[in-house]
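Heads up, there are several structures right after this.
Next, two complexes with chain A in common: one pairs it with chain B, the other with chain C.
On to the complex of A and B.
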């Protein structure tokens, strides 16, 4: 009872604080602007070609919208703990009935709720776009939006983990960029080596390609953005088993990272 | 109320707190003193469960400290040295937020009373970010008292305040103590500690050097008694006669005033009065000059004098 009250109080303050801030609406506006630009080009091309062949014409703009919302949320969650550490407010909360666990869950639920709300705005935006353009607001789009909730959960828990390890906002941002940059770099190197014929590679390069492949597959389990791609692929493939399996993976991923964050926060303490 | 047993904290091999044994009784106003870097803040952080001790035990309100035991934390109020706030909130919103966290019943009325007590009632709707340091300190005090804690831990509670505000906070501390709250004060302002505290502990380099009532600490540090005497006429020039008295160690005479340092084997005030009477002086006043807490503090910390009894020291070492 007491713990849930603490969680609810922390959640409410934090949720309203972010909701009243410019950043949230800025990110939504940016995502809808990019989607509108893509859709305009798409419609212009259709008008010129006089033909449109696509099962899910709104999926690509939706994918971009989700990417932008996810990037915003991963940054917000990555600085959420470190900001309170840096400002000292975390210390004051911990004088009282707040624990690492209640604090982390309140942050997770706050960021997830912001994500769900953003998905609600996204659904409304695509509904209006669909009505204006006659591009179908399909069941696939609805499934993608629902999958979006699970993907945002991964992104948020990953961001919180970064934040639990760092003491200052600047360090959180640098760590986040470094980790995501490393993921992208490994993916790039892997794809590049994969594009080279096996026969033309020296033994050391072959070894490197194999090593990169292992790392790349590991990253596919660690990077929240890999879950984003795979989740949306399962929507396009219309494979329910795959869809539900991905949703389950996202839940497991989120739980693992939230618990890791609680542990890391306990170790790191309240000071910056 | 607070008890630490062999409390030790090491940071990368450096012992910030070394085998500390404190005992704060219910209803005490307990002063916790030490120079910068003595280990006061580290001790307080450990008492609050914010950093784990390397070894030793902490008992708060009769229970061994467990940082996850929020029931104990609900009975403690804290004012820290540095004030941290959600600066976008007004004082009213800030206290309401903490009231909800601590589940304070009848919170609106409690906030009203506290803002009035700390003199912030008229500024309740101002953003905390616009508050002066002194106002923030008062608000931190209101927050610490909001949930009616049994124990108040105050780290430099009047550090940023002007004299009027210091008096306001001092009166509040005394009032809260009268209401039965135990108060643990760490402060550099020794004059404030001297006015407020019944018992003090002095630490240096992480080690406890003294823990006793103020009077006992001063008495144990003093090996002479100094009397301040006022007589009816000029006494200058009689120094040699005074110092020839077997119980006088040193005498300082100036106009109508004398400051005489006596031996401590017994009370020599009658002999001294008789001597002055025989010399034809009328004693207008005579009082013992007391060592201030500041003097005691400097003596203990600069000379690293331990005032712990052998038993206490053995207990420390154990």
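On to the complex of A and C.
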């Protein structure tokens, strides 16, 4: 059995399994519901006889949608890897033509494909929202959606790396949620504190801001969410060079973490 | 336990008193500071850099002046800033300024003479810096213009005196002839009042001395070397010379008709003006440049704060002699010229003011225009779609570079329906899974 055929078979199995599960659609629904809530508030904020100046009001809901979708895909993959490890399926598979490389690449491609499909749903959702409210389905939004593919790639590859290091399902999920949650929390707190003028901050909050700034800069090239922020910034700046550079960074990041995952799984072995 | 409590109480009392004592103390220190005349993209900002600030920020490839000065510095806790008492002590420090990069001296400078020249008068924002001979020439030009004005003013006062005398003679003649019984037009020439001379339309500051820095972008250090070859203690500073991230293009200050005191800015070309329903928007276009927030704030005042991660647009110059176009696609709906407006306060509990065009009647009453702007009226009957505003040079048809902005009229009445769109994936999921189940069952 050829290596590409193995990859294709594993990919198809996992892809269809997720596609026929309700969780995928549930995650999309949840993210769109949150987006609808945010956009409704935006529309309410633009009061009668008033104006509101903003870059891309759809970008923030898109950011949240991408985070929810990619977290869902990563957790599902982590569960699948750990379950197959715990149940011994992985060991059986590895006696055959399956290698850690083909196994992890199939997981990565499956998550990426489902992510792209989710972005298709997102595009449709934003198109309908724009048609209803005239919030603007612009070229900038399309560029942001394309950048979303690269973010999903980053989150998925990072998630695979964490999953390849952990053994049991529980450990895998806890580690993933803790690490990705910490990345998100740091980014959120940092941006929140940055938005407050220095004079309005108490000394303790000032130290917290400084400390968060150091941590944020330390994780800036590791956290997949930092790549999304930079990518969306390049869309707002309408700078194609920056946009393509960020896309390239995302590809490099994904490749590095997929290869690290393959290496980690090779070292750790297939037994739980 | 009692001893311990007693100790705590005494310590508390002592600390409270010591805090009061410290609070009353205002420490004055004699300090070497750098007086700064920094180019800020449009004009020159005056500030000073106390010892507490390690770095001076300057815009690249533009003249800025720094002058080492010994003065009295004190901390003002209310504003959390160091203040300088230049009126008490303002001692210029002589020496040579060394500019270093990567630890090596790349230039040594001596003080130069400079003046700030304001082409549109002292109260205008725009200023140009002239150095050495040019500084003298511009200052001389200003002095000569002031002298000429004073001469004209003297002549005016003399003319006014003569005018008053001839006016008195005129009234005396009228009275005399009327008393003599003369009727009808008297045909006595009325004396003409002389016009006062106009003050000098430009201004040049008195010549001053300082080190002129005009550096390419980068990080530098400076220090002051005394005439005896030693380094002046406390004169070492880091210098960050920066440039704009984006430049060119037009930004807008928008005055919404319903809240004219709360202006909005639409600076970034990607920003969209979202509106709902009827409104009147007053646009003021500016040339602009985008700078790092921290660097720019510190340039204007070294004690100011800012965020290195953020950028801000700075309005450099107002865009004048242009026409504002409001349209949809290629169709131009309104062609707007700059006009003066007057904010008329309305007495009573209802709407507080009304913005009306400034006309001759208001002028006759002695009122001045409140602001000048380009007015765009958004009618409630406009189709809810995207519109564009841009500025074109007077008589031209091509919009100014990056001056186009979108005004998006939102369909707010459909806001609640967007929740329905969130159900699309659930619907697709149900159809897919049911299709799969029926396929398996078959």
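Here, the second predicted complex is superposed on the first by the 223 of 272 C-alpha atoms of A that agree within 3 Å, B and C clash if a C-alpha of one lies under 4 Å from a C-alpha of the other, contacts with A are read in each partner's own complex, and residues count from 1 in each chain.
We take it that contacts are C-beta pairs under 8 Å (C-beta built on N, C-alpha and C of every residue); 3 or more make two chains touch, one makes a residue touch a chain.
This is a predicted model, so every value here is computed, not measured.
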Which of chain B and chain C A:121 touches, first, second, both or neither: second
A:40 touches, of chain B and chain C: first, second, both or neither? second
Dominant contact partner of chain A by residue count, chain C or chain B: C
Chain B versus chain C as contact partner of A:178, first or second or both or neither: neither
Chain B versus chain C as contact partner of A:134, first or second or both or neither: second
Partner chain in contact with A:236 - chain B first, chain C second, else both or neither: second
Partner chain in contact with A:26 - chain B first, chain C second, else both or neither: second
Partner chain in contact with A:17 - chain B first, chain C second, else both or neither: first
Residues of chain A touching chain C in the complex: 19-22, 24-26, 28-29, 32-33, 35-36, 39-40, 43-44, 46-57, 121, 124-125, 128-129, 132-136, 140, 194, 197-199, 236-238
Residues on chain A engaged by chain B in the complex (per definition of touch): 2-3, 5-6, 9-10, 13, 17, 87-89, 91-99, 269-271
Residues on chain B engaged by chain A in the complex (per definition of touch): 48-51, 67-68, 70, 73-74, 76, 78, 80, 82, 84-86, 88, 97-98, 100-103, 143, 147
Residue numbers on chain C that touch chain A, as the complex places them: 80, 246, 254, 256, 258-259, 264-266, 268-279, 281, 305, 307, 309-310, 384-386, 406, 408-412, 414-419, 421-426, 428-430, 432-433, 436
